[in-house]
Every structure is written in structure tokens, then in C-alpha cells.
Amino acid sequence: MPHTITIGIIGAGRIGRLHAENIVHFPNVRLKAISDLFTEHVKDWAKGIGIEQIVTHYDDILMDKEIDAIFICSPTDTHVPIIKQAAELGKHIFCEKPISFSVEETKDVLESVKKANVTFQVGFNRRFDRNFLKIHESVKNGVIGTPHIIKITSRDPEPPSVDYIKQSGGLFFDMSIHDFDMARYLANSEVVEVFATGANLIAPYIEDAGDIDTAITTLTFANGALGVIDNSRKSVYGYDQRVEVFGEKGNLTCENDRPTTVELSTYGGCYKDTLQHFFLERYKDAYIAETRAFIEAIQNDRPPACDGNDGLQAERIAQAAKQSYIEKRPIKMDSYIGQLS
Amino acid sequence: MPHTITIGIIGAGRIGRLHAENIVHFPNVRLKAISDLFTEHVKDWAKGIGIEQIVTHYDDILMDKEIDAIFICSPTDTHVPIIKQAAELGKHIFCEKPISFSVEETKDVLESVKKANVTFQVGFNRRFDRNFLKIHESVKNGVIGTPHIIKITSRDPEPPSVDYIKQSGGLFFDMSIHDFDMARYLANSEVVEVFATGANLIAPYIEDAGDIDTAITTLTFANGALGVIDNSRKSVYGYDQRVEVFGEKGNLTCENDRPTTVELSTYGGCYKDTLQHFFLERYKDAYIAETRAFIEAIQNDRPPACDGNDGLQAERIAQAAKQSYIEKRPIKMDSYIGQLS
Amino acid sequence: MPHTITIGIIGAGRIGRLHAENIVHFPNVRLKAISDLFTEHVKDWAKGIGIEQIVTHYDDILMDKEIDAIFICSPTDTHVPIIKQAAELGKHIFCEKPISFSVEETKDVLESVKKANVTFQVGFNRRFDRNFLKIHESVKNGVIGTPHIIKITSRDPEPPSVDYIKQSGGLFFDMSIHDFDMARYLANSEVVEVFATGANLIAPYIEDAGDIDTAITTLTFANGALGVIDNSRKSVYGYDQRVEVFGEKGNLTCENDRPTTVELSTYGGCYKDTLQHFFLERYKDAYIAETRAFIEAIQNDRPPACDGNDGLQAERIAQAAKQSYIEKRPIKMDSYIGQLS
Amino acid sequence: MPHTITIGIIGAGRIGRLHAENIVHFPNVRLKAISDLFTEHVKDWAKGIGIEQIVTHYDDILMDKEIDAIFICSPTDTHVPIIKQAAELGKHIFCEKPISFSVEETKDVLESVKKANVTFQVGFNRRFDRNFLKIHESVKNGVIGTPHIIKITSRDPEPPSVDYIKQSGGLFFDMSIHDFDMARYLANSEVVEVFATGANLIAPYIEDAGDIDTAITTLTFANGALGVIDNSRKSVYGYDQRVEVFGEKGNLTCENDRPTTVELSTYGGCYKDTLQHFFLERYKDAYIAETRAFIEAIQNDRPPACDGNDGLQAERIAQAAKQSYIEKRPIKMDSYIGQLS
């Protein structure tokens, strides 16, 4: 039987709570503490699901010698110092994406993690979606031969608030970063060139905050394949998440999941359910699977399913996309600092 | 190059016109004449598509020595005398379903056809639908092994007029007869027992005319397979025509064709086209294919794709279904006159 | 906050374990004990998921005053005495289907339940499937007007062992009983007549055990609608579970869930996942939902989602189907003992 | 009744024959002549479908005073002189795409057409596909509000011969030009910027001939919308032709047509037909519809469904895509000669 892991969560926002609610159902796992600046808001909820301690400062979690592993669910600008300190203290780390807004900083902090020799996993939850996972594995197993074109559609149901936009790092760092990781994951190859076009078509406040709401990003991979990602901040019909990999021997596609498969045929048309509303619904099972993968990586001393370098590479692509959009030209990736050596 | 066939059509109603418009596009075929009691109504149409003669009495077609083959598209109660006369005159015969309302009469007239040694094809157009044809062939080729369950859904978009109902022979002879033929076609086996339940759920005038509008018919086949057909005279979402064959090694299904494959995803739902309206749209290509099959059977002196016995067997099942419904008990087919020997 | 319910499970076979594993995740629920004749086999598993006691005799569960509610997951022939005793002791009861193999016995035991005024729910898990639930609600909300035809396809992936067959009560009591309940659930009407045909097409040992493996059952409902159920014990492509309700204003259908929505298009064809293997996979979420419904019914003192009468009516239809099959004639339901008054 | 149009076809290659076989079925249309350098090859075929004359030189068609309209189906480098001469002689013109390989030449020749005041239609057959037409109309009718993203997938089943490649004008002029027209058609807006990436992933002989076989082209439209087209010369699963328009109020998609809708579920998977093989199968009905549109435009003196400017604009985008690919930078369209004034 695997040894019990004791976990602490830093940040009790939407994603921190989600992880907490998943963790409490795992066997051989103890969720000891959660930290949040506003402990009053989360007290009842935390108690209700059986978390032992609610603390204001994350230091209390890092300093707790019983705690083996932490989930970093606080704002992005707090990630780097927390990771550094946690690594030094020998904690295993699960960190939400992006690791930081700076490729240099990320590269630097990952050196600390490497030295500390702790398990480090980045929250690219979509890798654990049953559909995308199967496409990834099919590509890897050669089912469609060499990939030629990778296509990703990724559209949110509604744009975030202006406050969120301002601290998000912008569309490429906040939203497309998942797709940049997915592109690498599906192509089994690194991106060598990026070209991004963007537009403001949805809400003026996004433009006022210096961000875009619609984008198409073209990728060229080291293995010669081409990729394209289309993003929108507002898809009125729900969370649209599709991938497609076209290769020399065939094409792999998948459909969005829907709440039901019911169809109504009636006078004048046929109707079916619209999509899942957003990521909490769509990736419910994927979030559980990524937590399982992290726990099992620790318990079995195996490398995690998506590691620090995966976090770094996605940030490098985001950085290149941002620059391409601003400078209106394709950007070669080797003009950026390289892989984690 | 195949020799030219000269054709005459008896009856210029909906189905007679449909056949005429298909026939004029065939190479090596001459559509010489069409007969109708009300020639005034059809004159302009017939001239427009290039039919040479419009005659009032079908005798003028039967007596025309240039005419090699006839299409019988007149009311069912005229079929038997026309077939008899045409067979004696050596004409090849395409006859709309049902051949007659009486299994005895049909059996008798098919003897005349046999003696005359002319090509005789019944208008079971659905056998030529690309989807049903593929399922038939897949079953025949053993793709699903022995068939266990044959399911047919067959629903019209709207009930016919009371006048039509009265001279139709009733739901089993007019509508389900196509499905009885389809069941034999898909099962590659003869029906040995029939049980039919029926209901009046749609329009009182149908009940007043002594007919039902909804039915479920259960079939048992000689090879042990079971079958079930559900019929309705009123499907508000269009002409619903589906078949399914379940066997020891798998299941074959097909979807209804739709006018387009376009889907609209919007706030609250996803919409696609409803079905084709009725048989003229749905079986447009199948009608062309059945005419081609008939012409090629004549030109190449091959047996037709669905012959007199196919017409007879479907009528026997219709007769048994009617009796089962009236007597509220399953009916064994061997209590009916047998196959054409 | 709802009060805590303490639960005991009787029977630690496949279905008892399934319920146990779901129950341990519910908040405000304590799974105190499970009984099984062979406690050695289940000890490790029970301990691992945190069940406090493992007992050999179910009496130990019934006599435990802390236990508020029981799940009866033992063989069908033990249900009646357990229900009686539990009801007398004031326990709430969740009972797997069928309640018994005898309509008389079921009627009798439900009287005891009624007198004891405890919550009683039957394990018709399919009512809680997201797709069927939505169709049920759509019908109830009048989306398709009056229902005319209810169609259910229900095929198991592989036949059970000969031992299981012998103690199962036969196909109609063991397998179709779910479909009989589903038919009532979808039609919102009682069955008034049943006609069943059956066949032995799959495995000789089933016939040797006096059972059939393939069946088509036709139903007539009090509201005039017709129904049809097709059953097979062996569907090589997985657990095939589909329903369809056709009504005056439209048609409601649903597709089987599949492990993924991935499609591979390659030379010569397009491939997608086959169906979920069997009920544990397909109805995973439905089992959780039915347990939630039971617990909430107790906590809120509300009637359960499917009660004793639902269990009784399904058995009456099973009984009629069995008789129809044996006597080869349609059976009127009013020839059976009536509803629970 | 509309007046009869007499037609001549220039070029009896694959596409010239296709048009001929469609034209002979139109009422009130006479297909008088077809020209081809190798008349011997086409004699039997032309006679068989009833074309009156087969001539070697297209001059014989242009000079024939009975001929009202011509179909130009000869190689692209012959288009300009034929159009000029035909326009001067007052013939209506249907011209296959592209009009020429030079935007300047096309602009020039369209002036001649304009002066001559004859009907001029370009062979963008895909506009007449039932699915794309419905999406176009839905966008136009505001069903999805303002379009934000236009996506086109366009993949051929197999690359053409090296000889074809060499005289084709390259992937953007030969293949993507259809997609450039489709993008304008769906967006109801002009393209203002183009960025194209390309790759050689399929066959070395294409690279040797100076062409690419895979491309992703990003478009920016005057109305702010973004577009993306992915092209491949080799799709082993058939002719993959899909479009998608995402807008403020929803998303419009369509599926590829397949030969049948039959699905086989069997042990381990579910199989359906692969796509139509290539354009002759996929756009069979669209070719008929475009010919009907051309004939009706002449008969009713209405503007054609896609005119000279549509041909010109698609060429301008192809030219910009080619330059973008070569110069590895986005190209602004206003750096090109403008619309036909």
C-alpha cells in the first residue's frame, strides 16, 4: 500500500478550492491545511470538507514539517518566491500555470527545483482530458504517422473582469498558454517559429486594459509540422475546446463533451445540448486525473506528467506570440533563451 | 452499346411523373407515351420534358408495338388487369407497390407474368437507397455474422387525405408494406410469424375511415431472428426512415439524410437541419437507381433486383399483420398461401 | 446542515461494493457496516475504503440501533424477509431490483413498508442517467406533446454464467425489468397490455437453463401510446442502452456514451470508440445520483424518486411478459393484481 | 418559358466533360459544340451524350454565331486571349478558376468583359455546395451576428502529377484560391492582410518543382474578423472540406458529406464511411447548381452569383499569400492593385 502524503494548499480561490475538494477523496492522502488572506470567507467551506487548518500566511504551510507537498494556487506573481522557498524546504510542488510572467524568472526558479530534487508538476490540466490524452497517445503510437497539421480551437464562454485581465499577463500568457502546451503535447515536437494575429472584437474594456480578445496563432514545429490555434474570450454557446491532428496516415479529431447526448427533432429543426459552460465542468475529471498523477509521481518517485520544462516552454511560446503580435512579424524561437539544461 | 428501350407510363400522378422525369435523362431510353384520364392536366408538363404522346386510355400504350416496357403507376385496383394484358402482349413491367390488395390475386397474376417470361419489377424503391443497400450488403457479406434483431423505423411526415386512406388498403398494405419488404431484404430470411399492435393517436378521420395511424409490428424470421417495425402517419420533424440490424458480431445502423450537415451552436443549444420532408426528397436518388436497375435488367436479360415474389411476400406479411391486429394474436405465416413456386 | 445518516450494506458482491464506494464520499453520511457470508474476501477492501465493521450475518446490521438506513444488495430470494424485518425495526430501505420474483410477495412486503412509514427506494439506477432523466423531464414538460411510441434498446455485452441465469428469474425479471421501469418512467403512463417474443440465438446453455437470450416486447399504455423493447444478452460492441420517445410534436433520442469522442479518419474508413463496456462504467454517475436521491429523501423526509410501487409495477410487467412469451399471446395487465392501494 | 441558350465548351478535359454532362440535362439549353486539341479521344464520349460538333480549334466555337455562351475549361494560360475574343464577339462567359496567373492581366481582361456587357461567371463551384451556401446565408442573415473567426479546412486526397504542379501556378493559385474565395464569401468582407506559412511534408517532387504541399494562411478582414485556412495536398482519408464561422452570437459548422451514413459497431470500435474521394464526387451537385445559376443569369439578365471581381480578389489574395510565404512576413493587401472599378 502506498505511503500517505500530507498536502497543504496555498490560495483558496476558485482553483484552490477545486483541488481541495478533489484531494479529500483520495485514499492515502491527508489534506492538512489551506492558506488564504481572507480566512473568514473560507472557514465554513474548509471545515465542511474536512480540512484541518485554515491559515492566513502560506509560511505556516511551508514551515509545517508534516506537510510533504504543496499546491500553489495563489496569483501568478507570488509563484516564484513560494516555489523557491518550498523547494529549499524539500516540499514537492504542484504549481498552477503560468509559473511566472518572465521566461528568465521561470528558468531561474526551475534551477532551484532541480537542485532540491523535489517533484514539480505544472497545472496543465488539459493533458489529462480523456479525449486529448487519447489523441496524444494515438499520435505517439504512430496511428497517423508523422503529424503535418495541429489545430486547436480554444474559446472561453465569457471574458474575465477588467481586474483579472490587468493581472493576467494578457491573452497569450493567461489563456493561450494552455493551447501552447497542448500543441507541444500533441505534436511531440518543439515550436521553432510563431506568428500571432489578434483583434479586439468583444469588449472595449479589454482593449482599454491593453489586451486583445481574439487571436489566431500559427506555429512551426521542429519536425516540420505546422500548427494553428484560434482563441476567443467569448463563445456564447459555451466552452469550446477542440483539437485536431492531421498526419500522413490520417486525421484525429474530437468533439466537445455536452451535458447530455439528447436530441430533440421537432418541427423545423433538430436540437441538442450546448457545450459545458466552462473549465470547472468540462475538465472536472481532468483535474482529478492531474492530482492523481502528481500524488502517484511522489509515491512512486517517478517524473511528473508535465514538468517544469513544460511550463517553461509554454511561456517561451507565449512570449514569442506576444512579441509577434506587437511587432507584426513571425518570431523565431531560437532568438529566446533555450530549454532547461 | 446497349439497345434502346422504348417505354410507356400508365398513370401521371405524383409517382408517374417522378418516373417520367427520371426516365428522360437515361441514355438509350425513349419515353414514348404517358396515359392519364385527365390528359389536359398533364399536357404542358409532358411536352416540357419531351414525352411524345399523351393518351387517355392505357390500352393505347399496351397496344403500341414500339413500346417495350411499361411503368404501372395507376391506382392499385387497376394493377392486376393491366399486368395480365401487358404480360400477354410481351411487355416488360415495372409495377408500383402493392401489386394488389389480395394475396390470391397477386399470386395468380404473377403466374401470367411467369408464363409470358417478361421482366417484372416491383417498386420497392427503398432497396436502392445508398444507406439501406450498404447495410443489406454488409449483412449479406457476413460483416455482423448471423442477424439477431432487425429494427425499422418508418414514419411519414403527415397523414394522407381521407380519400387516399379509403382506397389505400390500410396502413399495413399502403405504408408498412415497404417496411415488410425491407425487413426481408435486410434479414435475408422469410417471415414466419407476425404480431401487430395499432393505435389511433393522430387524426379522428383515419379511425372513421376504418384505419389506424400508429403501429408496432413484431416479426419472427425463419432463421430465428426477430424483427420490429414502428410506423406513424405523422412525424412533425419530417420523413423518419431508419433501419438497424443487430447480429452476433456487431450492429449496423444508419442515420436519416438531412438537407445539410450545418450545425448552429448558439446561446442555449445546438441546432441542425430537420429531416428531408418526404419520399420524393429522401428517395430521389433511390428512384433513379431502381429505374436504372429495371432498364439494365431488360437490356442484359438479367433477373430484376426485386421481383414478383418480393411483391407477393410483402403482401402476405401485410395480410398477416392486418389479421393479427384485428384478431389480437400472433399469426403464423404458413397459415397463408405459400411462395410462388 | 443536514443531519448525518448512518448506513449499513447487506451483501458485498459487485453491486454492494459499488454502493459502498459511492457512499463513503458523501458528506454527512457514515457507512458503519457491511455484511457478507464470506467476510474474509472483503476484509481488506472494506478496511481500505474505511468501513468500520464487516459482519457475517445481516442481522447484526438490522439490530444495530445506530444504523438508520440499509442497502439490500443480497440475492433476490433474500429481499422479502430482510425488507420485512428492516421495516419493522424502522430502518429506511434501499433495495436492489427486483424486490422479489413474485408479484404477490412484493405486494405483501410493500404493505409492511407502508405501515412502518420508512423511506423505501428501488434500485432503478437508469432513471438517474443524465440522458434518460432529460428525456423523462422533456416528455413531462410537454416538449413533444402526447407520447405515441416509446422505444428502448437494451443489450448486455455478454451473457451471465449459467449459475446466475438459474437464480436470476429469467431474462424478463432480471434484465428487461429495468426497461419495463424505464418505459413507465418515459411514458408517464401505466402499461395495460404486453406481448413478448423471444429467441435463443446466443448460447445453448441459456436455453438449457430454461431461459431465452433475445426478446422483443411490445407494450400498450393506458394513455394509448405503444412501446417496444428489444433485449439481447450479447452485444459484442459493448453495453447498448438507448431510448427514444416519439410524440405528436417531435422525437427525443439519445446516444450511448462512449469512453472518448475521438474519431480517427484514415485510409478506407473513420473509427470511433466503441461503447462503455457494461453497467458499472455506463451508469457510474447514475449510481451516485440514485444514492444521493435516497439520502436526500431521508434527510428531507421527501418521497423517494422511485418507490415500492415502481418496483411492483415493473414486476407485474415482467410477469406478464413471461406469460405472454410462454402462452404466445398478448396479455392484458388488468388480469394481474393491481396497484398498491 | 425561358428562351433556349446555345452553348459551346472549350476544352474537353476532366472539368470540361463534367460541365458537358451536366449541361445536356438542362431544359432549354442546347450544347452545340466542344473543342479539344485531341478530338479523336473525345469523339465517342461526345456523341454518346449528344453533343453535335467536336472541333479542334476553339475559334470554331467563338465564330459560331448560334452559340450564345461558352464554358472555358482549357489550361489557365489560354484563358485571357479566349475571354478577350469571346467578349468582343458578345458571348456570355463561364470561366474556370483562376482567370489568369497575373492580377494585372486579370484586371485588364475584366475591363474587356465589362465593356462588352456580357455575363461573366467564375467557376467557384464551392459557393454552390448546399452546406457552404447555408452557412453563407446564415451569416448574411445575421444568425451569428458579426463574424469573428472564419476557419477553412481544405485538403486534397492526393497530390497532382509533377506536370500539373509545374503549370498550376503553385498551391496558392491552384488550390487555396478556392478557399480564398470561400473566405470572402463567408465573411462578407474583403481581406486586408495575409500571412502564409508553408511546408514540404508529402512528396519531394513537389519541392523539386518549386512548390509546397502544406500551408496555413492567416487572413485579416476589413470588418476586423480573422480567418485561417489549412491546406494539404494529401489527405489519405479523402477530400476534406470543412468551413466554420464563429461570431458574436454563435458558431456555424458543417461536416463533410460521406458516401453513406451507415455505422458499424463491432468488437473494439465503431466504423463509418470515409469521405467522398475528391471534388467530382463531393461537389457533384454544386457543379450542377453553378451551371444552373449561370444559365439563369443569362436568361433573366441578372448578375451572376460569382463575377469577375470575385475571381480577381481571390487572385489578389493568392498573390499576397505567395509573397508572404516567400518573404516570411505578413502582406497588406492595399499594397496590391485594387478592386475592379
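Residue numbering begins at 1 within each chain, and the chains themselves are lettered A, B, C and D in the order written.
We adopt the following convention: contacts are C-beta pairs under 8 Å (C-beta built on N, C-alpha and C of every residue); 3 or more make two chains touch, one makes a residue touch a chain.
For clarity, every value in this text was computed on a predicted model and none was experimentally measured.
In this structure, the chain pairs C-D and B-D differ in their number of contacting C-beta pairs, and the larger number is found at B-D. Ranked by how far their CA centres sit from the centre of chain C, the chains are topped by D. If you average the Cα atoms of chain B and of chain D, the two centres end up 40 Å apart. Averaged C-alpha coordinates give centres for chain A and chain B that are 58 Å from one another.
Mean C-alpha position of chain C lies 58 Å from that of chain D.
Counting partners per residue, chain A has 236-237, 240, 249-251, 265-267 as the residues that reach two or more other chains. If you sketch which chains touch which, every chain touches every other chain without exception. For chain D in complex with chain A, the touching residues are 146, 148-149, 151, 153, 155, 193, 195, 197, 199-202, 214-216, 218, 220, 224-228, 230, 232, 234-237, 240, 246, 248-251, 328-330. Contact residues on chain A toward chain C in their complex (touch as defined above): 1, 25, 27, 48-49, 130-131, 134-135, 138, 143-144, 249-257, 259-267.
Touching chain D in their complex are the following residues of chain C: 236-238, 240, 258, 265-275.
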